[in-house]
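Below are structures written as structure tokens.
Both of the next two complexes hold subunit A, though its partner changes from subunit B to subunit C.
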Partner chain A sequence: MEINKFKYYLAPIIGLSIALPILSLIIYFLIEGSFNFNFLKSNALIEYTKNTSLLIFGTFTLVLILGTITSYLSARFEYLGAKFFAITFVLPLAYPAYILGYTYVGFFEYRGILSDIVGNTGVRFDILNMYGAIFIFAIAMFPYVYILARVSFGSISSTVCELVSLQQINPIKAFFRVYLPLSYPAIFAGSILAMMETLSDYGTVLYFGIETFSVGIFKSWFGYGDLAQAINVAMILLVFVFGILWTESLIRKKYRFVSSTHSRKKSPKIKLKGKYNLLAFVISFIISTFTLFVPTGVLIYWFILDINTLDFNTFDYLFNTLTLNIISSIIIIILSFIMIYMLRFYPSKIGNITHKLSILGYSIPGAVIGVGLLILSSFIDKSLGFILFSGTFFMVIFAYATRYFASSIGSIENGFSKIDTSIDDATKIFGKSEANNIFKVYLPLMKPYIISGFLILYIDIAKELPATLILRPFNFDTLAIRIYELASNEMLYKVGFPSLVLILTTAIAVMLLNSRFVRRKI
Partner chain B sequence: MKKIVDIKNLRKVFCKGNICVANDINLFINEGEIFTILGKSGSGKTTFLRMIAGLETPDKGQIIIDEKEVFSKQTNLQPKNRGVAVVFQNYALLPHLSIASNITFGSDASKADLEEVLEKTKLKGQENKFPHELSGGQQQRVALARAIITKPKILLLDEPLSNIDTELRAHLRVELKEMIKLFGITALFITHDKEDAFYLSDRIAIISGGDILQVGTAKDIYHHPADLYCANFLGKMTKISENSYIRPEHIQICENGKYEAIIKNIVFYGSFYEVLILSNNQELLVHSFNDNLQVNQTIKYDFDGEILNFSIY
Partner chain C sequence: MIKKLALGAIVLASSLFASGEVNVYSHRHYDSDKLLFKTFEEKTGIKVNVVTAKAEELVSKLAIEGANTPADILITADIGNLYEAKDRKLLQTVESKTLEENIPSHLRDDKKEWFGLTKRARVFVYNPAKVNPADLSDYLSLTDAKFKGKVITRSSTNAYNKSLLASIIANHGETKALEFTKGLVANFSYDPKGSDRDQIRAVAAGDADIAIVNTYYLGVMLNGKDQKDIDIANSVKIFFPAQKTTGTHINISGAGVTLHAKNKENAVKLIEFLSSSEAQAIFAEGNHEYPVNPKVKASGTVVAWGTFKEDNIALNEIGKNTKKAVEIATEGNWK
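For the complex of A and B:
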């Protein structure tokens, strides 16, 4: 009986623990910190607000356009190279935005790769500005829109497509009046995800000299040692985040009808011929050139330049990255599985509330979570009188769990939703032990979803920079940290080798995930 | 005859919407009998089955299975201790397990038991396959075998024939009855389909709004329905006077009939015609096999005497 009671509390305990860094930040702010209203009028805040707004609005617009074009082409048409481009459109997901940023700076800078290609050292473009940053975020984040919208465009009911062709609606009108509105929820969901990731970024904006909230948090704390100021910036950033989430919920409500027009019976792709075939190819090629070929080419070029002086410590960083990443991903997946399993079999109101709290992290920048965790750990360490958590792997893994719990829980929930409740009833009738049911029934049934959750976590964690930077144990460097340090020291060509190693691992994960996407149409 | 299931004053109200799904139900099921609960969706039939299985807790009442009290004010046995087995609507087979593993999943059956069940359910040779490799009929047999191998006191079947197309359904119905009778098991079958109920059942209970309206054999309840609801649910009929109704098959169109009528409409149903006739300003439905009937044709007809009378509406 006692054990059964405990099972009802397990999901709330996990949910609350995951949300603890965010909650502790808010609690600390309410109890200890007083909001500095003078800060509201400060030039720094105006600058952070202006820059962050411009950056996320610009990124939102550009990813929306890029994501819509690529997903529509990929989902609705057969054309020259379509299968190849279906992969190249998703691969930028393997690239952290800051690496893309470094490559483009290296490409366009004075005596950069472009000037080498054209043979004129004077040719250069200054992209270290707001527009350059927007461009970098757009090419890094558009796959979020592409992946979601491709599924949405692809699953529009064949009857809707037949209606369009029977009514002889011209293709442009059909796109804007029928197909695009039906995919708005997916397009907006992807664009908002891109906005969240942009808000969370630290490496790229720092390198591009854009003073956003994330930069503000780092600057306040690590630059001026002002925790109160850092918390103030973090709280304003949270207001921003909640504003975006509120907008998203409004959009979702408005387009609730859309799901009724999607079905499993998909309409066949349209085979493009002649000039339309060529046009689709050219558009896809240009997009892939900017989003994938140029950055990859630059990294390979740097790698070749550096080939005689390669830093083989890179493999140590790779080992660190893989170890930390795999351990974190496994822990997060196990926690997600336990939480969703417990919510299914031992539901409670408090469980549902903590479930919602636990997924908040996806919208909270890594720097904010880092600050929250530092407050929490210093409180615990002070109370204990000795250092237990600060500067340990536990802190980094905790930060990843808070930040990316939503990704893994999404996969696990999706998997459990596909298991019919009659299976639950059958296990009750057979009366085998709970452990037997978990290991013999639920884990095998959930295997694909656990793998996809693991892959998503792997990609996210491998690219993560701000929380790792704040919380990592002393002298522990991952590939992401190493790349960031090299770029900070203006050793751009040295970035090539570790970046290619990092991207190779994430690209494998992206490819595996992509193949599952196509097969199961999540 | 021994009662395998005995249910007394079983009551269940769902708090959400205050819906009564079992209103003081009293029922018994005899040993070896196939007993059917027949009702429309939302009538409470699935909840009734789930309460017997122990998957849903009643508010009050008593459930006895094979002389053992499994639910009462003091007792509430776990599903595994009730001696029940369930064949679910979608069979609930585990896709990652072979047929043999699926069948033995819920039991500690010996190899000999498995062999016997495989033989009797005509699944011999399929034991190493996986559920997705089998046809719908074979999957149903696996679900049945998995239930039977546990040697339950009562087999509960939760609409196993719904969501199956008509042709296969008729075939599976025959097979299901054969299997249950072959194993000599007592079964409780839940359905909304009267044809399934008529074919499979020794006795039928009609349920609506959590009330058992009538219990009897198929012939009993069809020819002597307890009330207008039961009569309407089991087949079409037309009103001939204040409290009297007649089913279409009890009116015959014949040359030497006593009464005269005009044909208003004819619907072809393949094996028969459903004809709407007007006689003395009274519309009547008639079943006929005559291919030569025409709308507006004047015909003669007669009753065969079976009229349904209800005093309560």
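For the complex of A and C:
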């Protein structure tokens, strides 16, 4: 009985632990300072709010458009190059936003690569502004919508499609009238991921000269050495995040009916002919040119410039990246599995609350989580009287867990939601031990979701920079760190080689995520 | 990974018992530094453990870690953060004849808590087709109405601009500094964005006529593999401001031994090595900064720019005024 009681606490304990770095910041803030209400009236806050709203609204809109077009084309039609584009649409996920930012600056700047291609030094395009930033975030993140909505569009039942063809509605009209409303939840879920990630970004927005909340956090912290004021801004950012999550849950409730129109009997893809075939090809080609071909081309160009001076230590950084990422991802996915499993079989109100808390980290800048964790570990180490955590890998992995728990439990939750409760009942009737049920029943059923959660974590963590920067142990540099160092030295072409190596690893993860094996059951 | 973890444990254990290493928190992320640490290891057998991050983060980290910090040395790329560390009592005094001999007195702390390693000059880069250098003088002159819409520099959040503004406060007082900020902002071609390299490019492109940048960025561009960077860097010219008044603003990269250093002896040895002629030459050639050690010459690229009068104001004065500079930049709406 005692053990069973403990099981009710397991999910809340995990959820709370994951949120600890954020909670410790809040506690630190409550002890060290108080909320500065004057700040609420300041011009700076208006500026941050305006810029942040514009940025995430713009990104949301563009992600929505790109994600919906690509997923609709890919899920519903056969056309020239469709199989190829199905892959190129998902690959931008392998690129960190900051690398996309650098490549586009290198492409469009004065005497940039574009001016070389057209042979006219006057040809350039200023992207270091709000529109440029929206563009960069959108191309970095539209694959979230693409991946989710493609499944949704693909699983629309054949009855619906037959109805559409009986009514002789043209494909474009059918899209707006029928298919789009049916896929809202998936599209929104993806767009919200994109918004949360955009909120957490610091490096790219600073480089583009846009003062968002995260820039505000760092301005207070770095400018005045005032951590309490920085946390002030972070609190307002949290309110913003809650607002988005709340809106999302409202939308999700509203469209709950949708699942009933998705059936097992999937409708076949439509073969496009003539002008429609050409149109689909041209649209896909343009989208992939901007989201994939240009950035990759720029990196390859830089790599060629650097070819005689390549830094082969890059492979040491690769080794560090791979080992740290794989171990972190495994630990986080196990925690996610335990948390969601426990919430399913031993639910509690507090469990649900901690579940919400555990996903907050997804929209908090990594450096802020890093500082929260430093405060926490320092407190523990000081209380113990010796160093247990500070400067160890434990800290880095903890930070990743806080930062990316949302993306891994998303996958696990999705998996559990597909397991019918009758299976739960059946396992009870057989009366085997719980461990037996987990290993013989649930883990095998969940395999593809666990793998996809692992891959998503791997991709996110490989791209992570700020928390790794603050927390990593001595003499341990990852590819992302190396890219940051080279970019800070403002030698853009040197960024090419390590970026290509990093993207190669994340691209493999993206391809696996996209493969039949993982996708089959999602 | 297990190997790394074991290694980490060994590093941790040995830091408690042995004295064969030194732990460095550094904001300098240049390859020249990697080479220098390796050379030091080979010469002395003392292992150098390094973690790089932004200086502000490293100072916060030192403060939060307190007595538990593993760091023996803090290295920053500007005086503002070094002073902040000193001001927050995170550094300790170091007695070293070698350091006093190698580093001129105005480039080290009078309380011996920090020591300059390299100098960086904050200068104007201008487009010779559009600007007559005879029209240029000191930093304050950039507020002149004739430069309306022609000046650019990075964000005021950038450490080098903070130090520059702090030096103007120290040299001319707060009122003048605010006037300067407002006048500068009024003359901006556009709101600050991008890196120093982007500012240089913008001048070459004709988007602006004058940019305030550190010299070594130009040095790095001139010595890179990207021919377009080289062309661009060659198409602009350097002007050393304030030659008739205070002298060109000088910032430093510098180091200090942390208050709770467990390997103080090794830490001092490393800083001494970094100030030696051998190390200073590597700094000078690697990243085209100015060496602090007067016995060492700057790189060929840098020497070609000529000599100039430096602002020798006490760097602690600049450090002291850094927070004031942030306030003034905010008040003057320098983004």
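The definition used in the following text is that the second predicted complex is superposed on the first by the 415 of 522 C-alpha atoms of A that agree within 3 Å, B and C clash if a C-alpha of one lies under 4 Å from a C-alpha of the other, contacts with A are read in each partner's own complex, and residues count from 1 in each chain.
We take it that a residue touches a chain if its C-beta (ideal position, glycine included) is under 8 Å from a C-beta of that chain, and two chains touch if they have at least 3 such contacts.
The model shown is predicted, which means the values in this text are computed figures rather than measured ones.
J.: Mind working out whether A:Pro444 is in touch with subunit B, subunit C, both or neither, as first, second, both or neither?
T.: Touch partner of A:Pro444: subunit B, not subunit C.
J.: I want to verify the contact counts: of subunit B and subunit C, which reaches more residues of subunit A?
T.: Touching more residues of subunit A than the other partner does is C.
J.: What is the contact status of A:Ala426 with respect to subunit B (first) and subunit C (second): first, second, both, or neither?
T.: Once the two structures are laid over each other on A, A:Ala426 reaches subunit B alone.
J.: First (subunit B), second (subunit C), both or neither: which does A:Val371 touch?
T.: A:Val371 sits against subunit C, while subunit B stays out of touch.
J.: According to the stated criteria, A:Glu78 is in contact with first (subunit B), second (subunit C), both, or neither; which is it?
T.: neither
J.: Would you sort A:Leu469 into first (subunit B), second (subunit C), both or neither based on which partner it touches?
T.: second
J.: Show which residues of subunit A lie in contact with subunit B when the two form their complex.
T.: Residues of subunit A touching subunit B: 420, 422-423, 425-426, 428-432, 440-441, 444-445, 447.
J.: Over in the complex, which subunit B residues touch subunit A? Could you list them?
T.: Within the complex, subunit B touches subunit A at residues 50, 53-55, 78-81, 84-86, 88-90, 92, 94-96, 105-107, 150.
J.: Would you tell me which residues of subunit C are touching subunit A in their complex?
T.: 1, 4-5, 8, 11-12, 23, 29-31, 49-54, 56-57, 59-61, 64-70, 84, 88, 155, 157, 162, 191-198, 201-202, 204-205, 207, 217, 220, 224-226, 228-229, 231-232, 287, 323, 326, 330, 335
J.: Which residues of subunit A touch subunit C in the complex?
T.: Residues of subunit A touching subunit C: 44, 105, 109-112, 116, 124, 128-129, 206-209, 211, 215, 218-219, 221-225, 227, 305-306, 308-309, 311, 320, 323-324, 326-327, 367, 370-371, 374-375, 378, 381-382, 387, 390-393, 469-470, 472-477, 481, 484-485, 488-493.
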